[in-house]
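You will see subunit A twice below: alongside subunit B first, and alongside subunit C after that.
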Partner chain A sequence: MALTSVEAFHSPADKASVVQLLQKHEDNALIVAGGTFLHGLASRGLLTGIEVLIDIQNSGLDNITINTDNVVIGATTRFAQLETSQEIAQEAWLGAVKDAIAYPPIQIMNSATVGGSIASSCPFFDLPTSFLALNGAAQAHGPDGSRDIPLEEFFSGLFENSLAPAEFVTAIKLPQPPANSASAFIKLETNANDLAIVNAAVALTLDAEKKCRQARVFVGGGMGETPVRASAAENLLTGAVVDEDSIAGAGEAAKSGVDPISDHRASAEYRAAMAKVLVEKALRKALARVD
Partner chain B sequence: MKQIIQLDVNDEVHEIAVQPYDSLLRALRETLGLNASKRGCDSGGCGCCTVLLDGKAVYSCMTMAMQVKDRKVTTVEGLGKVAGLDPIQQAFIDADAVQCGYCTCGIMMAAKQLLAENPNPDEDAIRKGISGNLCRCTGYQKIIEAIQLASER
Partner chain C sequence: MTQLNVVGKSVVRPDAYDKVTGGKHYPVNYSLPGMLHGKLLRSPYPHAKIVAIDTSEAEKLPGVKAVITHADVPQNVFTPVYFVPAHAKSMVQDFVVMSDRVRWAGQPVAAVAATSADVAEAALQLIDVEYEELQPVFDPEEAMKEGAPQLHDNAPNNIAKAPSFSFGDLEAGFAEADHIFEGVYQTQRVHTCYMEPRVCVVDSETDGRITVHSSMQHGFGLREKMAVALGIPESKVNVVKPTYIGGGFGGKLDVGHIEPVAALLSLETGRPVRIEHTRGEDFIATTRNPIKVYLKTGVKNDGAYTARYIKSILDAGAHATHGAEVIMVHGLYGTFFPWKCPNQTWEGFSVYTNNIIGGGYRGYGAPQGCFAVESQNDEICEKLGLDPIEFRSGNTHKEGDPHPVLQGHTLNSYRLDDCLKKGAERIGFDRRAPANSSEGAKKRGIGFACHPLWVSGCLGFPDIYEHSGATVKLNRDGTADVVSSCIDLGSGQITMLTQVVAEELGLASEAVRVVYADTDTAPFDAPTHASRATYSAGLATKAAAVETRNRLFKAASAVMEANPGDLYLEDGKVLVKGAPDSGVPITEITARAESAFVQMTEEGPRLTTIEEKGTIIGSASQAPPSNPSPVAAQFVEVEVDTDTGEVKVLHVVHAADAGRVFHPKAAEGQVEGGFQQGMGYALMEHLQFDQDTGACLSSDFLDYKIPTSMEMPPKIESIFVESNEPTGPYGAKSMSELCLIIPAAAIANAVYNAIGVRVTELPITPERVLRALGKL
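So, the complex of A and B:
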């Protein structure tokens, strides 16, 4: 599906030039990178009036930086780059990221970018659910410089986010959790190349007695306009020993806390039932990773 | 407005005029007349437009021609000729892995990356390697055998 309204294609070499183009073309400009969801947005009628494409793949935003207190993943980092990162493969606390990129076919791995998975603000995507569980923030750059927007604020609605005019996503930041932390993600899909029916991501931190110090639980894939935080499940887990009883309780709490949509992929009832199953499985998977 | 770009396809540099919204697939088929890469869904769902970009499999329907400047594109036309087929092409013939053939070029390109990175893939790795490609004749078993055969040669 060609975006025939597009009249110009730019490939700026740095962030400042991106902002200048965004200021000049305002709502008629669209940031692109891997391009794997352009069709998805266009077919939903979300790209009418786009006249200028700004490709940020040559803007120097494709680095993964490991700091002592966080991991910063540049916006145009491709999924395939994440897959080959040692840290992401080995760190238990980043398990939910590793899990989320185990699903896409190679063509998507080679093209899709981390920034695009966030900026599209699509509630059916996988990495956003993982990044939310990991308490991630989007780094945005605009006319007034850079700022971090916690992802829970960033996703403001269906295909909507809280970027200000002429701002764009330059990175995702994941804060390093305390020791004894691990995370996991699970997706339910009809085939390898489809959006999630339901997905779930959890992040756990245990204390010395193996009790849960902190839990973050998110479910996505048609749960609502954005992935949804299962606060009741988190509350139930916090302070408890994570075992089959508390896992079942958390699954049930996640199910009662969601109000999913019905569409051609699945009914709301099925999604709610699967939210429970996926949260339970993701919790077991994360638990097994805490050492 | 059309713009002139240089496109390096199968080790030959072409100077072509493209619209800023043209996909690489469109440039290949309609401007360069390279018709091996097929247009199935034109939206990243079927894989029959798969080409290699700097050796990596991508959907050419989702890649914009303007994004490909300075990068190397490989299509099935660049794999081998009738006299001197690529091992993967020969394996598809020998394993009878082609029915209507619409998916074949895309699957061979996905298999090229797979075999380049993993010369001896097991069946799971092969299934994963072509999970972004649909065969509507559903001849997956023969396709997997063909890729196995190519890996053994």
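So, the complex of A and C:
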């Protein structure tokens, strides 16, 4: 089923105009940017009643800003822009972002946006898992101005998030971690433009003795309605030397903590087994990136 | 082989520029003024009777011009497959365009024509259908059991067709064996994934004649099936040949629903009607039939076959259509005759289920057979410690042997041993390590498979159309036009035809154009399928070009006052043998032929000859003389991640005997494209259905995964072992389907070599690999 109910397409030049349109059209409006998921959602009957498309690509939201305490990536920043950003490429702690955008083909790289990957709130997307591991927050703008919503609160269900009426995502904010931090992301997919069958992202901070000061571990892709935090794995790692033993323990803990779905792409059993394998692989990859 | 000027060279494809700049001649881009748009309402139930349909609300919707149901469709029962007569004895007649009995989820039950596709779609929601649900059956072996729901009245146990072949003494053969191997090999339902959807525009005249534009593989087949479906004479149907189509791969070899329905809607409204499938509709329009192969083979210690028993159960889906023929080809050319075994029995069952209807797909039953037999051959060699290449060589045919299927024909060109040898050398087969011997989580393996018998068309198969025709006309500007009904699916038929004509008429390939054709004006051709176009259409077009050349020489002999038998062509000139300075340009002969007898010149009137006058044209229509077998072997190196089960193909070597290679670049393209489809079949593609409702779980490429360029192996090498097929055009025979028949078996064998465990069910998904490894 195509987007047959669409009657208007807007391309506002600033955030205020976006909010006005959202206020006017309420649930009948949909924000679009790269549009890479639009057909997939529409053809599954998930966009019925959408009458107005609001393209925010001309709203000035495609900047990458490196601050001392955080990195702010504008919502309409394309994957290709991220890939070519020297700042992102150089930072070991942003490895999980770099990894996630290395999977899709050039067509997706050139179209898909960071904001879209968050706002879609699809548990099979990749950047959300990475951003969760990096303790990111969505910057939302609405009638009452801007606010930051930690991603763990932002994702509230399958294609659902905690944006208030007439709010939209303007950026993703990633806090600068302490020194000796690194992150990594791994994905299982069937082909290069597949949604994740399973994905995993980890972020590690080590102390001077190479012990883990802090770990964040997330698994996505059919693990639940949102990517799932592997708290048990994090607890196991924190304070421990990150080696093959603790990595195996963390993998096992991640597996025990998930209750994935079975669908035509993979069984729950396989997904759970892969939660372990991918967490372990991601930990090894992140560890290798810590200075 | 004789010296050739155009054939054998990678000439520029005449359609390439057009396609990369938008391809305006794809049928999907065709439209007519005043055209309506049709949509089909489909049953949500896999098995049901229609009790009532109320279309009154739909008819009231503004913009709706016509609504039809089964009550408006002639209940003519026929075989919708293009390449056989509609009532062929060797096929099963069980199909009507719309019926009050539903046998698969998605079967069309009503149709709407409206001023836009959106209005038509909206109108579908207003049609009220009352169904009486019936018990469905989805598994063919369940369907064969007593007490299973019966799909068709005249098919007890849902068996649409049960052919078998046998020779020798099976029992004695197994008794003689030193070892007996048994296995079950299961393949899945996949789609050809042509990029252009099934689409048609049908227009009608007040006298009932209809004109059809469609993306399909056989104009004459469509004409015949339209006539039968609608109950009108063939001469009332004109099918316009598409300049090219956006892929078919066998998936557009039958009239489905859109063309007859569009015709009925056009006849009712008096306006042209266009219907285009969505990708979701295409997924349920055609599929490669899944086949389960039970295989038992007896061998001597030295690897010689003593006996083989094969039972193949094909899931035909709701109607037998292609399923009645796929089972035969699978038996004959997929499992039984490719290999030399003295005592063999094959039993095939084409079984009705409430799944979607099967269709054509390159290889037509052979990939399923090759996967089974070559997987087991690999097991035999592994278990008995035999050289796998010598084993294949010892159990297959040799050049000069009688053709194992076609009585009175010989395997004139047959270089399987060369393919095996050269392929093995190129990939470095002698460095292959024993199974499961590489260190670490990522394990590498090398495997290969071959297919020792295939076709260059369908000569010898009961009821299948085979003849081809062409008309070739020389123009005064030194170019030639070719009228041919051979449809280019994207695989280069246009280029091939221009090469043939250019070769025969001494022209550059750019000087030859394949032009408009339709079923009213052009000679018959069978479909572009079964790897037959170069062999059959190539030969017929060559014969037409020879006629044209003879006509040219007749005119030239008058102009040049020479004997036609002493003339020859070179560089666009007609020359007299032994007098290389005698040349007269073809353009001059053609101009003289197409001009007045008396010509006014500066010097006054000049008389020419009556004999030289008339268009330089030739035509031919003929059946091909034989059905030579191409052969090929394919070697593959893979890497298996034993943690995740992922299989990555690293290197492919495809060695083929295709006779003379017409166009080396296009031939390599066939190897690479065929491998891409074959790798999808081996590793990821699987059209899945809800086990309760029968609904297809794939509506687009988000769900149905095919290999993209990013999954393709970094290295694919093509080796062409050129032989000279004496019956073929310039020594050519076929090549294309083998490129897709072999990969699944080759990849499966390479995966075995990597991990030491065999996966006998396709696709070899990461999950199946892990299960095979005992990790799940």
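Definition applied: the second predicted complex is superposed on the first by the 289 of 291 C-alpha atoms of A that agree within 3 Å, B and C clash if a C-alpha of one lies under 4 Å from a C-alpha of the other, contacts with A are read in each partner's own complex, and residues count from 1 in each chain.
Following the convention adopted for this analysis, a residue touches a chain if its C-beta (ideal position, glycine included) is under 8 Å from a C-beta of that chain, and two chains touch if they have at least 3 such contacts.
From a predicted model like this one, the values you see are computed outputs, not experimental measurements.
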TODO: Record, for the superposition on subunit A, whether partners subunit B and subunit C clash or fit.
DONE: clash
Task: Partner chain(s) touched by A:T4 [first = subunit B, second = subunit C, both, neither] - done: both
TODO: Look at A:A192 in the shared chain and tell me whether it touches subunit B only, subunit C only, both, or neither; answer first, second, both or neither.
DONE: both
Open item on the list: So in the superposed three-chain picture, is A:L53 touching just subunit B, just subunit C, both, or none of them (first/second/both/neither)?
Closed with: first
TODO: Could you tell me if A:K281 is touching subunit B, subunit C, both of them or neither one (first, second, both, neither)?
DONE: second
Open item on the list: Touch test for A:G239: subunit B only (first), subunit C only (second), both, or neither?
Closed with: neither
TODO: Figure out whether A:P105 sits in contact with subunit B (first) or subunit C (second), or with both, or with neither.
DONE: both
Open item on the list: After the superposition on A, what does A:T36 contact: first (subunit B), second (subunit C), both or neither?
Closed with: first
Open item on the list: A:P165 in the overlay: touching subunit B, subunit C, both, or neither? Say first, second, both or neither.
Closed with: neither
TODO: Please write out, lowest number first, the residues of subunit A touched by both subunit B and subunit C across the two complexes.
DONE: 1-2, 4, 39-40, 43, 105, 192-193
- [ ] Spell out the residues on subunit A that touch subunit B in their complex, using ranges where they run on.
- [x] 1-9, 11, 32, 34-36, 38-40, 43, 53, 55, 57, 80, 104-108, 110-111, 192-193
Task: Touching residues on subunit B, where the partner in the complex is subunit A - done: 1, 3, 19-23, 26, 42-45, 47, 50, 53, 56-59, 62-64, 66-67, 110, 113-114, 128-134
Open item on the list: Going by the contact rule set out above, which residues of subunit A touch subunit C in the complex?
Closed with: 1-2, 4, 39-40, 43-44, 105, 188, 190-195, 264, 266-267, 269-270, 273-274, 277-278, 281
Task: subunit C residues within the subunit A interface of the complex - done: 118, 121-122, 278, 280, 643-644, 646, 684, 688, 697, 699-703, 705-711, 766-767, 770, 775-776
